[in-house]
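Two complexes follow with chain A in common, the first pairing it with chain B and the second with chain C.
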Partner chain A sequence: MTGPMFALSALLSHWARHKVQAALLLLGLALATALLTGVQAINAEARASYDRAASALSQDNLPRLVAERITVADYVALRRAGWPVSPVIEGEALIGGQTLRLIGIEPLTLPSGVAPDIGLAGDPTGFLTGEVILSAEALNDPRVRPAELPSGVALTDIGVAAGILGPEISYLLLTGDRPAPPGYALIHPATTDLSQLTESFHLNLAAFGYLAFGVGLFIVHSAIGLAFEQRRGMFRTLRALGLSARALTGLLLAELLVFALVAGAAGVLLGWLIAGALLPDVAATLRGLYGAEVGSGLTLRPVWWLSGLGIAVLGMLASAGQSLWRLGRLPVLAPAQSRAWGRESARAMRAQALAGAGLIGLGAALLAVRGLWAGFGVLAGLLLGGALMLPMLMAALTRAGQRLSRGTVAQWFWADTRQQLPGLSLALMALLLALAANIGVGTMVGSFRTSFTTWIDQRLAADLYVEAADEADATRLLAWLGNRAEALPMIRTTDGGTQIVGMVDHPLFRRAWPLLRALPDPWARLDAGDVFINEQLALRRGLAPGDRVEQGVIAGIYPDYGNPMPQVILSWDRHRALYPLPVLRYALITDIRAAEIRAAFPRVVVEDRAAIRKASVAVFERTFAVTAALNVLTLGVAALAMFASLLTLSSLRLPQVAPVWAMGLTRGRLAQLEFLRTLALAALICGLALPLGLALAWVLLAVVNVEAFGWRLPMLLFPGDWLRLGLLSLLAAGLAAALPVRWLARIAPAELLKVFAHER
Partner chain B sequence: MLSLTDVSKGYASSEGGVTVLDGVSLSLAAGETLALTGESGSGKSTLLHLCAGLDAPDTGRIEIAGRPMGRSDAERAALRRSTVGLVFQQFNLIPSLDVAGNLAFQARLAGRHDPRWQADLVATLDLGPLLSRYPEELSGGQQQRVAIGRTLAARPALVLADEPTGNLDEASGDRVMALMLRLVAETGAALLMVTHSPRLAARLDRQVHLRGGRLT
Partner chain C sequence: MNVKAIMLILMACAVSAPASGQGFAGLGSDAGGFEMPGPGPFDFPADHGPHPTFRIEWWYVTANLTAADGTEYGAQWTLFRNALAPHEAGGWASPQIWLAHAALTTATQHLAAEKLARGGIGQAGVTAEPFGAWIDDWELSDHMAARGEGFAFDLALHATGPIVAQGDGGYSVKSAAGQASRYYSQPFYAASGEVELDGKRIPVTGTAWMDREWSSQPLAADQTGWDWFSLSFDDGARLMGFRLRGATDFVSATWIGADGRPEPQPPGALRLTPLRSTTVAGREMPVEWRLELPAKGLDITTRALNDQAWNALSVPYWEGPIRAEGSHPGHGYLEMTGR
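What follows is the complex of A and B.
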């Protein structure tokens, strides 16, 4: 073995003797890498879906002609008159056991560059003749061929679509900038830029990924710090034997690199598993909230390996930087007496607290700036600042504890706790961040849930909601219902990126559309030609009642949770005049059961209030399922960080504990105190995390949500949740302390005696 | 005050086991001072630790103040609180407490805190200006004076000292030793002191030498 190899094997032998420590180091880095790559993978997958959607369905952005009823004859007549129109039949269809959005196009008249590149230009005959449906999904149906399409979408010739959905044309695509022919309305469909719409959601996920990464690095930092401290003697010997400081640093870097690569590889695999587990929920959320289709399959891409390993190496270097720097400055003949590990001077702590206060101040100043990024800046300032101020606060608290306590042991307990703070502070910061994030997000979700359920109960005022397939069906249904039900028509179009709703003036809708702010007598104004707008639109454009939008004067603003789009309500008559569309949806006030209508009209979609409510709440719950899962993971990582630090400290602490033992405190009692200390620290952290978490919740509700979703919710408090979280963190702290404490309780006296006998 | 009868102690090692103490008997009267000498590694510290109940002998009996050494951790800890005071070569102050806290710690733990006596000790040991400093801010000689003050503040009947001046230069060592002997005499405690300096050993009432696991 050559010299450096020999030195390296000497360095590595440490890990063979400290397996738990090695495992913690690997686990911490792997978890940190996993959470970050997992979240990034989810975001990348979703963004890839948006890109596919954007490129494949540019027809969605063309202006279209709509009318109450468009027949083939109407289409032919327009075409003869020289209108550059192309018909589309669109609807939901059950194909191969799966409901797809089936789009039937007419390839010959379709404006060029609209259809996705699926080989239509080359040879359209196959598409025209056979019963061919091109689908994103690989389905077990002889008619279906897979194609590069957004998921959930199938494309076919209009003839095939007519065979499945019926011959009525859904709309006509119109090229060129022309007004609508008589009898038709021109609609500019929503230019739904999914990536913009969903940006806040992905930003949220990414923020959590980075938080978890940071918390994971706390573990790595403490494990490396311990390993370096324990090997001081070895380092000194190696230096004394002629190894240069640079060579030693190089060897340690090599060692860390090995760890980083192993942990990184594990982290990528773990991240892939996490992403795979979370993706269905994410996909459901994106569909429910934004109507964005994201496939739920996940492929392990090579670029992940690269970025995951890169992340692990960077994280490792960041965590080891301090230790390596110290090592470079270690004098060869330094006294063997080492100062307590991680000990920082009071001055450094004050500087840190000052920096923390500065960050919080900076965050507060950012409140004046609008925009989602500013909102996240406030969050980051708050969290980071809070974490930096923690050691100083804890020192003050333990000092107060020492002053307030009577007994000698109690006073020593607090003094000793304070002395351990430098070694524990990173883990405590991690715990603080995890708890604060938990409280903050919990409060936001809870506030949202409460507002949302109250609101949806109001909004769903009718007994049943029906939607007919076409106008003939609707007419027959109304006749069949007769006077057994009061049927209120409902209609909505999307024009120029805004949803336009036509609303009948009826007490039911008045109840269902509570207004946040309004001019006096708003419903009468609506009838007279004014409009209502949703909160999203008002916040986005800074509008208030009395202001104007294109459709008229704003008479009222209503909450519209869960809708990513701006919305305007017109009176029924105005809407009918502007958009002559078939009326297919009705709200029914009735005793008739949904099943009865379904039996009589199989093609009519019938939903009762309870079912819709359940579905909406389910979408909502899934929206935050991902956040909750990440929350729990972060808390778990923080508990692990705590465990790593306690384990680290327990062996370094013998010189502090042994004299007290020699003076007559039993090992059992010392262990008991040690356990109590961990609980006390966890409780203190919980106490500090509460205000920080509430501040976080406020920023989320009043800044980030408003920017991201366009609605502002009242902040509600859930002390029951805090109590549960507090107990959970005490439990976690207790578990983290269990092993080190058991070790202390059972330590052989000989181990303690070494403190007195050996030079340390 | 202290009596050891046929005490043996060994340690397990890689080549089986080593016997460090092999049938040691010893007794010390109240107020008597005894020096224990021997080469490095002869088992002096081991013997002292057994006397303090910090470890248990393999065989043999140890009695302190007429009572046999307890078997349980708790009993032995109680004995250390009530009767025994320890002074170590490494000082072993409590790093998280300042000098005042260290001085009062053991006396308080034993329930025998006496402010007047403590003030006397501070004056005698010349610790007044150091009371609010922390151990890491003290020199070795200063630390050992605090350690002696801490031990004697509790007025133990038996003081066990393991090379108390072994880590000090000769001048401060002599000063610390003089202070310790003076205070031990003042409180009437018995003293068992480990040293390998014949010069220091000669200043005590009696001397015993440990070699090959036996006293001579």
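What follows is the complex of A and C.
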């Protein structure tokens, strides 16, 4: 063995003797890497789905002609008059046991580059004249062939689609910039695509990923600090034996890199599992909220390995940088005196608090700036600033505790707690961040849920909602209903990325569309040609009642939760004149049961109020299921950080504990006090996390939500949740303290005596 | 989907392609299930219409036009029928695919456009009586009209002579191995109307020539391309001649008297000699030729009105007006697939 190899084996022997420490280091880094790569994997998968959708179905980017009814003869008449149109028959179809969006295209007139390479070269005859359905889904249908398509979509020739969905043409794609021919309405493509629409959602996820990563690095930092601290004697010996400072640093760096790679690899696998577990929820949310189809399958891409390992190495270097830097400057014969790890002078603490206040101030200043990034800037400033100010606040609190306490033991308890603060501050910061994030997000979700459920109960005012497959079906249904039901037609189209709703003036709708702000007598104005717009549109464009949009003067603004799109309501007659579309949807005021209609009209989709409410609330709950899951994980990471720090401190604190023991406090009593101290610290952190969390909730509700989704919600408080969270964190702190405390309670008295014998 | 993919559909219509290749545009592939052409008289007017049991068919009109100031123009209107299966069906289920090319040529410009449509729904098709062929807003009946990016034409067509059967009474042999098509022409159209170029409408007059051909396997597998002439001489006679390039070249010609009487020439009687080539779209194309038909005392040189008359469409080829000088002055059209 050569010199460096001896040195390396000496360095590594430390980990063999401190297995828990090694495990913590690996676990911390693996968890941090896992959360970040998991979230990134989810986002990457979703974005890949959007790209697939965009490249596969760019027909959505073309203007289209719609009419109440388009027959093949109508299409041919337009072609023969020189209109560059291509027909599409599109609808929901049950294929191989799965409901898919079936799109029937006419390949010969389809504008170039609209459809994906659908493999026509291999079997053109099949696609044009055979029964071939292309889909990315594995479907139990002999007609289906695999193809690179967005999930939930099947592509086929228009002839096949006509056989499944009926001969009527859904719409005509129009190439070129031309006005609509008489009898047709021109619907413009949306100006925003899916990735823009969902950007805020992914930004939310990413922010959580980074938060979890930051918290995870706290663990790594404390574990590395401990390992370096405990090996100070060994470092000195190695240096005295002739190992250069550079060689020692290099060896330690190599050691850390190995740890980083092992933890990174574990983290990538763990992240993959997390992403796989969360993806179905995310996919369901994206579908419910944005209509975006994201596949639920996740492949472990090579790029994740690269980025995951990179993240782990960077995180490791960031966590170990300080320790390595100090080591490099360690004089050869420096006394191996035990330095309170991470001790900071009062001055450094003040500077840190000042920086924290500065960050909070910067965040507050960002409130003046619009945009989602500014919103997250406010959040980051608040969280980081709060964390940086924590040591100063804790010092002040413990000082106050000391002043208020009677008796020497109590006074020692507070003073000793303050003495420990520098070593614990990182773990405490992690706990503070996790708790504040939990309170903030919990308050936001709770406020949202309350507003949302009230709103949806109001919105769903009719008894049944029906949608016919075609106009003939609708006519038969209305005749069948006769006077057993009052049927209110509903219609909506999307033009230029804005939903345009035609609304009948009826007391039911007046009840169901409460207005946030309005001009006097808004419904009469709507009938007279004014419009209502949703809150999203109003906030996005800074509009108020009395302002104008393209469709007319705004008479009212209504809440429209869960809808990412801008929406405009026109009077029924105006909508009919602008968009001559078939009327297929009706709200029914009736005591007929849904099942009765379904039995008589199998092709009519019937939903009752309760079912729609249930589905909407489910979408809502899923939207925040991921948030909740990440919240729990973050809290878990924080508890681990706490545990790591306490473990670190417990061995370092012997010189402080031994004199107290010598003065007559039993080991059991000491352990009790240690336990109590941990709980007291956790309780203090809970108290500090509450205002920070509420501030966070306010930013989320008043800034981030408004920017991301376009709706502003009242902030509601849920003290019950706080109590539960507080107890949970006390429990976590208690568990974290259990092992070190047990160790202290059972420590051999000889160990304590050694402190006085300088034999450590 | 791009046009290339569509063309692949058309190309791939062979059920089993011969290993030696499919020649130009798949025309040399097997007939697989389709009807084979045979000799015999035509059945007019039914034969003006489509023959869906044959795999490929075309209505092909070229016109040599002159404006009042003497400027020369060439106009092409072509409708191809391509069958994916040897039958017709109504609605979207039709296996008949229609492809059309239109082009307008001047000495300095050549503009071409393409259209695709499926049969069965009425977007494109041909009726025999009264005769009419169409795809979208392009039409061919007693007038021919088409419109593309930057050009358009609408020309009234008036037949001044009889329909001419090509080959052996309309049975046109295309190779020594016996590949053949049904083929007739109307080489005696007088054309008059307007061409539109860059938004400017120009009255023109001239002559036009229609070729009608259908087959299921018109080329031998080794025949990879052709050079095809249709010429109207100032003395009223007409000449159709082609060279199919393969392992051995196959040259065929029909001399048409001013009265419309066809005189099929024996294979090889027409001698075709390229005189000058130019680079078009990266290929060497002979744009000047010497044509000799000793039996008729014919010895002429043909020159292209525009060397760059290249139809850069999904199946690219050279198609342009030519002028003949020598023993028989006149004008006509030349089509070359290049090598």
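The rule is simple: the second predicted complex is superposed on the first by the 749 of 760 C-alpha atoms of A that agree within 3 Å, B and C clash if a C-alpha of one lies under 4 Å from a C-alpha of the other, contacts with A are read in each partner's own complex, and residues count from 1 in each chain.
By definition in this document, a residue touches a chain if its C-beta (ideal position, glycine included) is under 8 Å from a C-beta of that chain, and two chains touch if they have at least 3 such contacts.
The shown structure was predicted, so the numbers you read here are calculated from the model rather than taken from an experiment.
Trainee: Have a look at where A:L665 lands relative to chain B and chain C in the superposition and call it first, second, both or neither.
Mentor: first
Trainee: Please work out whether A:P302 is in contact with chain B alone, chain C alone, both, or neither, and reply first, second, both or neither.
Mentor: neither
Trainee: Check whether A:E106 is in contact with chain B, with chain C, with both or with neither, and answer first, second, both or neither.
Mentor: Second partner only.
Trainee: Is A:A415 in contact with chain B, with chain C, with both, or with neither (first, second, both, neither)?
Mentor: First partner only.
Trainee: Do any residues of chain A touch both chain B and chain C, and if so, which are they?
Mentor: In chain A, no position sits in both the chain B and chain C interfaces.
Trainee: Considering only the defined contacts, which chain C positions touch chain A in the complex?
Mentor: Chain C reaches chain A through residues 1-3, 5-6, 8-9, 12-13, 84-85, 91-95, 97, 116-118, 121-123, 134, 136-137, 147.
Trainee: Using the touch definition up top, name the residues of chain A that touch chain C in the complex.
Mentor: Touch list, chain A to chain C: 72-73, 75-76, 79-82, 106-110, 112-118, 120-121, 124-125, 128-129, 157-159, 162.
Trainee: Mind pulling up the chain B residues that touch chain A in the complex?
Mentor: For chain B paired with chain A, touching residues are 11, 45, 49, 52, 54-56, 73-74, 77-81, 86, 88-90, 92-97, 101, 104-106, 108-110, 136, 162.
Trainee: Tell me, which parts of chain A touch chain B in their complex?
Mentor: 339-340, 407-409, 411-412, 415-416, 418-419, 655-656, 658-669, 749-750, 752-753, 755-757, 759-760
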